[in-house]
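Each chain carries a letter (A, B and C) given by its place in the written order, and its residues are counted from 1.
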């Protein structure tokens, strides 16, 4: 029975990988194939960076080849012109690549939408032309005579000798990347892909996180560049041009940009294909064409039409296991001390937002105490969502003041407001669909953890991760979603997604909870459950601001209600007072007579 | 009264999430039918799928012809028009260009007459015919969207929350125009957040909840339905 | 820098800038209508120029086979896509449009190519061969990806670029060609020598830009295309089908590319892969315009043409480095100005 266990879903790919790793040492395997494997390894390193950058972080780069080039030229210049040993140039190459990636990244990550990939095309081309035109770098001839790597006096010249070095780099990088993605930083990175608004609402500094991702991808490309220079023993600008950059992107798309192993699969497919095409196609079509370009172009288009998620996505569905062990005995995460006293938790004065000349919110003010549920009502387009976005710092306000716990927060960034114990949900659900429900919810506890990039990569964050996931699970149980914890969030119904957003918000251990239409799309019994949950949170002293359309729900649950119409506060009072208020009836309940 | 449009077993999904589930709707050849329900109930989705903008499962018949697989432009050509919730105007083009494009697919040969007719119905649009659509006020934008739909002289006009974001006086104007249109013989399917106002002008109504139709019947009956009033107004007598 | 050099650089910049301007307009149009950032735009320049050059030299341009192949593939796909709703006129229409017409054109070219034909005839034939490739490419590659993100479409257009480059080498070979000018005359204007061909380029650019202006401003078809660019759903609601606007936009883009290639082919030696860099510079101008404004795109294109001429004069090796580095600040400025699109 032991054997069957060994053959479980996860070990099959591992065994295949192990077999592949030993392949070059099987007698009779031609050297040519070993060098191909080496090139696959180099390409896989660059593509791994692209997977993190594109598939996880949502930033597409056409320019990764430039970083390969920066590192390759650095080590080539140092070892050829100054005779420095390759092992000593490694840190210099990586440092220079890191620095360039940091500087280029500072500009690039600020680009939004499709400007970002366009930017990478621009600097990708500029850098490759720079390589080709600098006298110091040998112009279009590049630099030749780069020394090989050597270990203990033995020069690694032949493919079989280099092979272990290349694949050691690949294995370690894959391992570190997997660790990184399964960490607090990794969750923040993944959350970015589905938009920054929700990540920022839970305290993720998006610019910094994007920069980390960008530099990480650059460093992996740099590693590949350093290896490349010493394996190829020469560097020429054409290897680092925009076409090479596009080829790496092709590898990521074909392999599966969302998966670590997709990088290796994609690199293998493209490198092998390129090689075979170079051999076969001219035989079929005669000399003279650039056939691999034709074949790759067609492959890319077909992949985008028929298999946009890449090869690994199909494999992953068979082998993936999204379960995760939850240690219920993990020490709970620290919680800020409960608030004392009766002072207002949230105070809003003269809140105004004008878009152009139009006032979407006009001079709105109210107060919210701990242990109170305040309803914000109004017809569609009355300015409720705008008010919400002003309170959470998503959009800047035109005028007015906001205090949370006596501290002015207007003008603060969303992540700074979150750090003051404010959690929110969204009217249009913003969960990352390709992450599990549990991981989505765990993002809520981002500010309660501390493990950074390095600790995550080296797996020194396990204890804290256990605590975060225990907390996430507790909140899923609280919202009745424990059974869906390991589902992908994209598969949840609208009602369940809303509950998952509430669970995520609770993970922040907020003192103030802002809910944007939490009952929309819920069934009757689900609404009752939600009402119970909110009542118990109120009993614990949480302050809750509720924007909601379902009048029955609002009337039954809230302590006080503020009614907006055309951006202006038209009434405030208890539910009973509001129901009797003629202005409210006119605005909200209609009647044309 | 003859039947103009029937939808049976109509379902619309966004990925794996079902937004509209197996609904059936029947619209007569004239008069106003209203579709009411809370935010997120699936009303706009229903209209978009009837228009062919969103792909749907089920069957849709218009005037005896199966249009289930017909693309939007064919439905426009047959006489269905939708004024969407977002209005979807051509903001950087003039009012007149917006209107003239309204008869791009249908009624083009009578475009001139149709334009005069629309200007007759909405004199404000005539005053602003050379202005860019982006410079119009909320009410004027709604008028332009309706005017553009009317340029095709549709047989069925679908209106998605025409009163959204408009001041009460303008809402009154819009409702008066909707009633006029009904009197001129156009069949109208109306989504309206203001349930009472909608039921007052409609002859029949459908109530949607969570993607399903929970109640339907003559408007006069629905308006006195206590459960409906409660869920809308949260008032329990 | 004396005034002669200045004038010379300005003239050089204006010629290049005119071509970039045309391409920029095509980029902007295509993006607005289809959301595709079509990096293969420049390849139409090479195809147009080289096809024209081949016809002028009396040889059969290889690009005829691409046209025929694209037509047949598009036709087959059309049959497959509509297999449930095909009617007899539709079948005849597809046969005529996608099979017979391109193949007939191929036949004509093979028959006519060896003879010395008038300049304008060769020009028209080159256009007839290259321009239909635009809509075919849209139908084959992009219509199946209609709902994809801008990013996926961008990567797809890179695929098209690779295909066109690879096929271009096959069709036209690795050597460069230069066509004979339409007018060989030169004028001396003050201290500067101006060739008639360069005046032709600028004149044709101006005429085309005016033509676009009239097309979008005065015709219903132009307004319909503009409407699809401004609000895709609104256009669909009045019955402008997205596939029609996509095809039309690609038709115009291919036309602009091909005619640019034909115009510059007497001024510069074109290679099978020359189009990419030319296209990218038009593309930089489109970025300057934020993919939205036609006048800004034209202004940006002229500015890039002049910047290129100036940097070519002072640091010719670093011309491309300078031109492409200039994009970055523009991109950052554009990004900061772009409104948030994340909210629905």
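Some observations on this one:
The rule is short, and it goes like this: contacts are C-beta pairs under 8 Å (C-beta built on N, C-alpha and C of every residue); 3 or more make two chains touch, one makes a residue touch a chain.
It should be emphasised that the depicted structure is a prediction, and the values quoted were computed from it without experimental measurement.
With chains as nodes and touching pairs as edges, the resulting graph is complete, every pair of chains being joined. Put simply, the chain nearest the middle, going by average C-alpha positions, is A. Of the two interfaces, B-C and A-C, the higher number of touching C-beta pairs belongs to A-C. Farthest from chain A, judged by the mean position of CA atoms in each chain, is B.
Between chain B and chain C, the centres computed from C-alpha atoms are 41 Å apart. Centroids of chain A and chain C (each the mean of its C-alpha atoms) stand 36 Å apart. Under the contact definition stated at the top, not a single residue of chain C touches 2 or more other chains.
Every residue of chain B that touches chain A in the complex is listed here, in rising order: 15-17, 38-40, 161, 164-165, 167-168, 171-172, 175, 193-197, 200, 210, 230-235. Considering their complex, residues 37, 39, 141, 144-145, 148, 150-152, 154-156, 158-167, 169-170, 173-174, 280, 283-284, 287, 317-318, 320-321, 324-325, 327-328, 331-332, 334-336, 338, 341-344 of chain C touch chain A. Interface residues of chain A facing chain C in the complex, by the touch rule stated above, are 60, 62, 107, 110-115, 117-119, 121-123, 125-126, 129-130, 133, 195-197, 246, 249, 253, 285, 288-301, 304-305, 308, 428. Residues 84-85, 220, 223-224, 226-227, 230-231, 233-241 of chain C are the ones that touch chain B when the two sit in their complex. Residue ranges of chain A in contact with chain B, taken from their complex: 379-381, 433, 490-494, 517, 520-521, 523, 549-556, 566, 579, 586-587, 589-592.
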